[in-house]
Amino acid sequence: MVGGGEGAFIGGVHRMAARLDGHWDLVAGNFQSDPEKSVAFGKAQGIETDRAYPDFRTMAASEAKRADRIDAVAIVTPNSTHHAIARAFLDVGIPVICDKPMTITRKHAEDLADVVAKTGLPFILTHNYSGYPMMRQAREMVTSGGLGAVRIVQVEYAQDWLATELPGNKQADWRSDPAKAGPGGALGDIATHAFQLLEFVTGLQVQTMAAELSAFVPGRRVDDNVNIMLRFGTEARGMLWASQVATGSVNGLKLRVFGDKGGIEWAQETPETLLFTPLGEQQRVIRRGGAGVSVSATYASRVPGGHPEGYLEGFAQIYADAAELVRAHQEGREANAFAKLAPGVGDGVRGVKFIEAAVASSKNNGAWTALE
Amino acid sequence: MVGGGEGAFIGGVHRMAARLDGHWDLVAGNFQSDPEKSVAFGKAQGIETDRAYPDFRTMAASEAKRADRIDAVAIVTPNSTHHAIARAFLDVGIPVICDKPMTITRKHAEDLADVVAKTGLPFILTHNYSGYPMMRQAREMVTSGGLGAVRIVQVEYAQDWLATELPGNKQADWRSDPAKAGPGGALGDIATHAFQLLEFVTGLQVQTMAAELSAFVPGRRVDDNVNIMLRFGTEARGMLWASQVATGSVNGLKLRVFGDKGGIEWAQETPETLLFTPLGEQQRVIRRGGAGVSVSATYASRVPGGHPEGYLEGFAQIYADAAELVRAHQEGREANAFAKLAPGVGDGVRGVKFIEAAVASSKNNGAWTALE
Amino acid sequence: MVGGGEGAFIGGVHRMAARLDGHWDLVAGNFQSDPEKSVAFGKAQGIETDRAYPDFRTMAASEAKRADRIDAVAIVTPNSTHHAIARAFLDVGIPVICDKPMTITRKHAEDLADVVAKTGLPFILTHNYSGYPMMRQAREMVTSGGLGAVRIVQVEYAQDWLATELPGNKQADWRSDPAKAGPGGALGDIATHAFQLLEFVTGLQVQTMAAELSAFVPGRRVDDNVNIMLRFGTEARGMLWASQVATGSVNGLKLRVFGDKGGIEWAQETPETLLFTPLGEQQRVIRRGGAGVSVSATYASRVPGGHPEGYLEGFAQIYADAAELVRAHQEGREANAFAKLAPGVGDGVRGVKFIEAAVASSKNNGAWTALE
Amino acid sequence: MVGGGEGAFIGGVHRMAARLDGHWDLVAGNFQSDPEKSVAFGKAQGIETDRAYPDFRTMAASEAKRADRIDAVAIVTPNSTHHAIARAFLDVGIPVICDKPMTITRKHAEDLADVVAKTGLPFILTHNYSGYPMMRQAREMVTSGGLGAVRIVQVEYAQDWLATELPGNKQADWRSDPAKAGPGGALGDIATHAFQLLEFVTGLQVQTMAAELSAFVPGRRVDDNVNIMLRFGTEARGMLWASQVATGSVNGLKLRVFGDKGGIEWAQETPETLLFTPLGEQQRVIRRGGAGVSVSATYASRVPGGHPEGYLEGFAQIYADAAELVRAHQEGREANAFAKLAPGVGDGVRGVKFIEAAVASSKNNGAWTALE
């Protein structure tokens, strides 16, 4: 692991998610930019002294030489550092599990895509919400035609934790600093999740969009509210709203897809159920572990229905998928098809293009702007 | 009443809403364009033969001469006919209760506004959703600063009853005919409700908007899906989505408003509760008839909380308000302040401007377009 | 109408419910025990002076003599007076619409049943919750075998408005006075609704029960909390809970029925949906006005689905049914089968037996006690 | 670990729960009664060959001798075997984490309590639902007087997976066999959870109860439906319903507590929110990780609010508490006060008394029966 030391949020999440299914052990890391603190943190995590590294380059170089080298590195640092770290490990042949957004420029994103294409190394991007069983269920339903032709996509991701200035909050600080977070605020932090999820579930690709970014909190240098209209190159139309100042919202990622034969609705805060209405029929409540659940959803499930799985299980699924992808790569075999549903470097490239197009459209008074 | 004969939906709703509180009796009408059918329908409604009129002009002329003339006329015909009918009654000094949208052109809308301004006659537009007690509660909260400065408005109105062609369905037919419905489909039929409600609750006025209208059902001549981004002349930003092809949706009008001190959320299908979260505090469930309910909401309420009021009661409130406005006009006194919350000719003008701006923006590839 | 004057709650409800569908006009009444106040109240309701009566006996006698006599009387007085009033009208051949519980003794209840049996006069008991379309839907589903053999019935009715003493509250006062309310507090006021509803929906009849009544508020002379276990003479078992001190509850009437082939769930505060799960299948949301709705539910419905109907509409259905029953009686024909679903004198008798058995069981430390 | 081999459900849950927080590693076990299968299963779990034991007595004896002996044993076998296994490990000084119900007789339960009292060894009973943060929040609120004096307790646990015979289902088989499960079916399997949770949250102790047990599925030898009325030695009254044949229910554990100053409501299937209504005020939605959350709830929480925690996290909390209790015991210090909230041998004794009293009451036609 690179990053995730004292005061970090997402590092601990990655560690729990990695542990849950027993596929991964944390054996090496560079947890903080301060070398001493990094070593101390590593020890506290039970890592052997010589594998608690002072910096990521040393880590990559040292691990590459070991017989018991790490199977993969998890990168959980601020966005601006992802590219250099990922390159360092990919260059020595170590698979990467990387937090999103993948990079802060398209050039960097495409560079990683090139390396992955050339080396064939597993690269997993932790768009964790696509690890929820009901999102895999939804994908299977939509892409197999269960809703008919998709007409409307409504996706939103509403939070309120940045509704005021949070001086001294480490999480808020780097996310509000364009140098660390990239050009997007809410755009990069949460709108990219919404964007990835809608493409994951529908199988559609956003072609052009009209965006308006706002920064409501005085002095904020990145957006904290994102309004976007979407076109997909089909008749489908969509809207995406992401906000970190939507007072009263906690982690409100919601997705609705309407086709000419049926519609579905899902909310991340109650992830165990997927509402499905075939046109002209009664609405069905599809429950994880319940009747009519798809094979891909069952694959991503741990305990029986009614025993709620949540955020960590969804995140753990990405790690479980990563384990299978890495093992298959090590063993030179084809990976399980369901594990291939894990987001990868391609999602990373699209996410960065999405950010760039949104910023460009917003600067151009919401003119329709292509992702390419 | 003009309109609302055999096979009509909204006419019966108006009659029930008018009856509920005992303020109104149906005593005269021209219910259908076919004179004979109109008379027959009137009789079936218990109206005296000489007041079941063959056409609206006869009705206006005859009623104007009676000592026991009607206190007001309710107009529940297709949109394109509203203007002529309303003028006929206003011209003989009879107050009007009119269905929305008020007219199909801005010229007609402004003409009615002029007449109302000159005559001082009561004119009530049945944007019934603003009659719900929890919407009056919301208005009082937002406009009194209970949410702080408004930052974000999200409003949507999703139905699915027009997801396919409905040949022979009287309701669908005229709504899909631009000659009768005007230039908007879902835009005029339901987006205007969403638009009026957001302005009613927030006290903000939409200044410009970027719209994309779609007609998903093959052969449909008016829009059945409406995506709009909104600006208000303040820092606030908004989105409006209306659809009549959102499979699985029934009558899903929802409004969310987020300010820098609090946020609210309401859904028409469960109208008795309003969710309110002061920034950084626990969410409160505000119930009609319950703790902390405003005076204006109580004014619009009939039975204790927990005894659900619904669509007809909300609609009846507009009729109760109308009764007070008409009585006050007859008695030459100031009307009750809460009754003045009823939508009027001004809302009608704004609704038509909204339709025209949305159509213009959509034709102009979503360019930001002003309401004036 | 007898009762329902100044300060009464349920009288106004009856009047709105009676008006909604246009079947009934209020033309005569004895609204309060004080003759002068009764006459004044009648005038305020728009009743002709000579039909605003000083007492119910005068009203019965006078109306019986009129050519334009009332079609039925609505009795909305405290429980202890129902019997005498109902008898006065039945004895002169006037149909009765009576509030519940029907009487405060079994003797009185059976006396009314006898008179109704002999005269054949319509007698409607306003167990209004059985007027909800989704309860009629549920009845049709359960009694037609849609759930298989019923195994479990869970019914509850939770309020909190009597959680403290309410000195001076007219509604609370008479309900807490055994002389006016009868031996039951929450038992008579709300548990009887729950009891009637479960028998209405399941078609089962409670045979024996084990009850524990409590009076939590110091000084209260009647129960304010009711716990009961139920047997039906089949393998089915049930529980009934009613409370007027369940803090945070408003008007929480809920019914769940589980058979060997399916289960249903309904809550009065969100009356428009009925949850249905066929064993081993996905849960369905049955909506009023939506797919798969029964003919009897549609009969009891006024506006399309998604336009919420509520308490007044459910209550109005009882009045609509009463109108049909009274008309059929006047015309000497068979009434519409769906109108016959309205609760009648038999429900009244069972309700009183239920109260008596619950009181007896509770006094006997919860021993199983038969309703007969 | 003892038990939890091939085909078991709860063993895997224990392993994931133990892993999640990094406190426990699985290093030894006797997973199945068949010695060969047990060894094979252990290997598959990554356990060293010499610690995959053929039987639990060998395991206890061998582990007791090792320097790196296990810190605790987790017992996840059918109920009838818990006592012997727990004794075997306690007798050699090894702490026990045991599945519920603790034993199938009161004698065995009291025997374990005696041993624990004498030895001071940590003994944790996995009533996992009391590990949910919102249940710890509820306990803190109720026992600190936040609801005032408790008047009413309503608890239920409804499932439907045993609504039919399930021939060949390993989980169903042993639960329906009194020799393995003990005298209770749904009573021991799920009603004990409901019972423990209500005592945990309220701090009240059930004193007497009136129970009716049913076995709806033909041929079933244990109960599958449990109706109970409860008294607590205070004015409070309660009801408990547990069922494994409630068609459409999945894992519906719900708890409601009403005091004279406030009421709360919680459902296991949506465990992240606790509804709280102070008498006469608006209902509050208390969210894990949100405003007003207690210290003990925060202690039991892993990720921010809105990132749903669920069943495995609640279960993991019991394991985290166990880790602290075991470490404190090893280090001879007082354990963290919040870790002491973990259920222990006392809960086990009460659970067995609850089962015995329910069975006795039901056999005696529901007569009120004391737990002692």
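Each chain gets a letter, A, B, C and D, in the order it is written, and its residues are counted from 1.
Keep this in mind: a contact is a pair of C-beta atoms (placed from the backbone, for glycine too) under 8 Å apart; a residue touches a chain by one contact, two chains touch by 3 or more.
Computed from a prediction, not measured in an experiment: that's the story for all the values here.
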Relative to chain B, chain with the most remote C-alpha centre: D
Of A-D and C-D, pair with higher C-beta contact tally: C-D
Rounded Å distance between chain B and chain D, as computed from the means of their C-alpha atoms: 55
Inter-chain centre distance, chain C versus chain D - centres from mean C-alpha coordinates, in Å: 43
Chain centre separation in whole Å, for chain D relative to chain A (CA means): 35
Per-residue overlap in chain C, given as positions that touch at least 2 other chains: 283, 287, 290
Touching residues on chain C, where the partner in the complex is chain B: 9, 12-13, 15-16, 19-22, 46, 159, 250-252, 268-272, 287, 289-290, 302-313
Residues on chain B engaged by chain A in the complex (per definition of touch): 147, 151-152, 154, 156, 160, 163-164, 210, 212, 214, 216, 225, 227, 229, 235, 237-239, 241, 243, 245-249, 256, 258-265, 275-277, 279, 283, 365-366, 368
In the complex, chain B residues that touch chain D: 280-287, 290-292
